[in-house]
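Below you'll find the structures, each written out as structure tokens.
First subunit A sits with subunit B, and in the next complex the same chain sits with subunit C.
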Partner chain A sequence: MIEVRELRREFKVATSKGLRRNYKTVTAVDGVTFGVQAGEAVGYVGPNGAGKSTTIKMLTGILVPTSGDIKVNGVDPSKQRRDLAKRIGVVFGQRSQLWWDLPLKDSFDLLRSIYRVSAEDYRRRLDECVELLGLQELLITPVRQLSLGQRMRGEITAALLHAPELLVLDEPTIGLDLESKERLREFLADINTRRGTTLLLTTHDLDDIERLCPRLMVIDHGRVLADGPLEELRAEVTPDRELVIDLREPGPAPDVPGVTAVRSEASGLRHHLTFRRAETTAAQLITRVVQQVEVHDLAVVEPEIDDVIRKLYQRQPGLNIDR
Partner chain B sequence: MAEFIYPKLIGARLRSQLSYRASFAMDFVTQVLAQGYELIVILILFTQINALGGFSKNEVLLMYAFAGAAFGVADLFAGQLDNLPTYIRTGSFDVLLMRPLGTLPQIMCSDIRLRRIGRITGALAVMIYALTHVEIAWTPAKVVLTIVTPLAGAVIYSAVWVVACSICFWIVEGREFANAVTYGSNAFTSYPINVYSRPLRWLMAFIVPGAFVAYYPSLALLGKQDPLGLPGWVGWTSPLVAALAAVVAGFVWRFAVRHYRGTGS
Partner chain C sequence: MLAGMTTNVVFGLLRVAVLVAALKAANGEIADYDIAAANTYVWIGQGLLGFVLLWGTNELAERVRSGDVVVDLYRPWNLQGALLAEDVGRGGYAFLTRLAPPMAFGMLLFPFQFPATAAQWPLFLVSGLLALVISFGFRFLIDISSFWLIDNRGLYGFWNISSGLLCGLTVPIAFFPGWAREVLWLTPFPAVLQAPIDVFLGHGDPVELLLLQAFWAVVVLAIGHFTLQRAVRKVVLQGG
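Up next is the complex of A and B:
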């Protein structure tokens, strides 16, 4: 679906010093290579200025790469922008493609004409989105009166009316409340699994990734730092897992080989233990623990995805991560 | 089916404006008045003189009306390009690039202002007055010329507009320059061009083909000799000049957009 090889993109940035204007070259995307198969859902994350949006703009044909090759759906985006536009959907979280002063439905009608969707397909796809995203009441509301969450649902519907094989989302959940986020994620997960629509999304909200994307790509300073299933990255970057146990009676932490007691809470009622995921399974560990102490409750805690990503940034030698 | 998209986009825009009725009515009146100011200037001028560059008051009014109508129609479509800096600054231009349509027609249809019809209405009224008060030996060809002239003129103005606004892709605040060229050429073409100094005349008549909007067609219509010595058939070539200008504008726009996609915002 997407093939990117050695993609580079430079910008000239004006640095004004008094009346003189100098230009320096900033490399926003610096030799990125990856591929996305049809039907995948890929999260593309990185700090602000890492090169995420620039990559997205090149994939959608808005920007022309400085060098490198891109093929999306078999075409070169920068050369066949319009052909590609018919076959992909793009949602920018921070800019709208809807008609501001018109009822939501009018925007959909216009997009139907722009993308030449047959009346039958249009009705079917629109009905589906309206139902799943709960847009029924909003269709006659002018877009300017919609809340951000409502508008976002409208934007996603707008991007799906021509049934694109690939949906690219740039920060789709930015600024949304929890309920709106959850609703969007549920919908996106659904079209990915049921319709097989390929998803590529950038986000700052790592819950989006956890919920939607089996595969994660981390980019910083224009380079891909890591690319793989979330679970693998987690295992690779954070070798320790944590077991939290609540005892029936306050007491010392159980002493099991290969386990480190990190801290205890509630005067010894709760203990946090860490263990190496490569050496012990959670099941073995729990068996040994319950032989020693009387356990009221327990939980295995995976490292937060934020920690995984922070560690990925730190792992890169010579990178400054104070952003 | 593609050809039906743009009327729909325009229709959408018109419906948007009708959601603000009061401001629409006010703008309409303002536009009629704006067109009227220039008319008053010409009328006052002719209380002091009998002829301007060898043309009578009504003949000058005819040129003024052709230019006004052409500019009004061009403004209706190409006037949206005044918003180009905003498109570029806010990133809305990226949204245009996301769609399977050309960027230029999308912008032209994006913000049609019905109130600008006020300007056209005013110009048409003056045109009818002038046409009935000047000496014209009417032939069928001249009737066609009268109808085609404002349209060809609109294409010429639009082309000028596109070329001038393309500078915004390099200098985002290049709008002042663009406005000087577009509105300036409108003011220029409202008068017989032989009243201007030679360098200005050359610039505005042939580089920016403003003289083909009103001056040369009016000469052909009135059956007058060009005081500057060009042959009479030149007055019939406006549609050709318009087509050429449109092609040039198309190339300039494409070049500018390629620059934008090459540099980003």
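Up next is the complex of A and C:
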């Protein structure tokens, strides 16, 4: 679906000193290579200014790469922008493609004409989105009167009316409340599994990734720092896990092989045992622990996805940090 | 709409008063314009002003500045063509609300020079439509200059001030000294306003005027097309 090789994009930025004007070249995207298969759902994350949006602008053909190859749906986006636009959908969380003063339905009608969707397909797709996203009441409301959550549901519908094979979402959940976010994620997960629509989304909300994207790509300073299934990346950058045990009676922490660090609290009632996932399994550890002490409760804690991402951001490209 | 119509008419009254006073001082005629022609010139000019939308809204420039233009750019359309279509649609509405009322006002209440031949009426309509297209082309160029300038308000303001004089709104181009007249007719500006008025008044060969307008319409749109292409190739699209 997407093939990107050694993609680069530079910008000239003016740096004025008095009357003299100098230009400095800034590389927003610096040799990015990746591929996305049809039907995948990929999270594309990175700190602000990492090059995410620039990549997306190049994928949709509205920016021309400085160098490198892109193929989306088999075509070069900037050369065949209009053909491609009919086959992909784009949602920018911070922008709107709806007509501000028109009712939602009128915006959809206009998009139907722009994308030349047949009346029958249009009605079927619109009905589906209206039902799943609960837009029925909102169709006659002018876009300017919609709440952000309502508008985002409208934006997503607008991007799906021409049944794109690839849906690119640039921070779709930004600014939404928890319930709106959840509703949107549920809907996106549904079209990904049921319709097979390929998803590529950038986000700062890591719950989006956890909920939607089996695969995660991390970019910073224009370079890909990591690319792979979330679970693998988690194992790679945070090799430690924690076994939390609550004892029946306060006591010292059990001494078992494989534990690298112990932290105790509640005057010996609770102990946090850190262990390496590569060396010890949780099952082994639990077996040994229950042989030594009487356990009231226990839990295995995975590192938070935020920690995983933070560790990934700290990575330097090309640097092997396998400790 | 009502405000625009009223403004056009009130300014028309002022302009008629000034122009007629000037004509009377010059024994009733300046360069092909007698009292009736001058009245006609003013009322058509006041109507065309809103119809061709000489002074636009700078809305696209704002979208370039904020980066919202990415939404316009990724759609499967030719952006310039789509906006032109929108502007022609706006023209249809403006025909009824901005062009017809001042003309009717002038016809009914002032000495008015009607076209000598019936053929001039449809020719005038075609000329007005071409003028709208050229005017759109200028506004589009000023708008997309913000890809480079970021803030194009200087250029926008300069256009708003100078276009009236260059296009023949302030005084007829025919009132200019000979050399200025010749230079101006080599530019696309008179095609935006003076040309349709001349077609209506029968000043000059109407077919020639229409061909000139068609030429400028193609040129201005072509420049817009290539400028936009270059903008997308070379320039930063604002915002994350």
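Throughout what follows, the second predicted complex is superposed on the first by the 313 of 323 C-alpha atoms of A that agree within 3 Å, B and C clash if a C-alpha of one lies under 4 Å from a C-alpha of the other, contacts with A are read in each partner's own complex, and residues count from 1 in each chain.
Throughout what follows, a residue touches a chain if its C-beta (ideal position, glycine included) is under 8 Å from a C-beta of that chain, and two chains touch if they have at least 3 such contacts.
Keep in mind it's a predicted model, so treat the numbers as computed, not measured.
Upon superposition of the two complexes on subunit A, a steric clash is found between subunit B and subunit C. Touch criterion met: A:106 reaches subunit B, while subunit C stays clear of it.
In the superposed pair of complexes, A:90 makes contact with subunit B and with subunit C alike. Once the two complexes are overlaid on the shared chain, A:142 sits against subunit B while remaining clear of subunit C. By the document's definition of touching, both partners, subunit B and subunit C, reach A:64. When subunit B and subunit C are set side by side, the one touching more residues of subunit A is B.
When both complexes are overlaid on chain A, the residue A:48 reaches subunit C alone and has no touch with subunit B. Of the two partner chains placed by the overlay, neither subunit B nor subunit C lies in contact with A:34.
Taken together, the two structures place residues 11, 57, 60-64, 78, 81-83, 85-86, 90, 92, 94-97, 114-115 of subunit A in contact with subunit B in one case and with subunit C in the other.
Only residues 9, 11-12, 54, 57, 60-64, 78, 81-83, 85-86, 90, 92, 94-97, 99-102, 106, 109-110, 113-116, 142 of subunit A touch subunit B when the two sit together in their complex. Residues of subunit B that touch subunit A in their complex: 1-2, 4-5, 8-9, 12, 15-17, 19-20, 90-92, 94-95, 97-102, 258, 261-264. Interface of subunit C with subunit A (complex): residues 67-68, 70-71, 73-78, 82, 232-233, 236-237, 239-240. On the side of subunit A, the complex with subunit C involves touching residues 11, 48-49, 52-53, 57, 60-64, 78, 81-83, 85-86, 90, 92, 94-97, 114-115.
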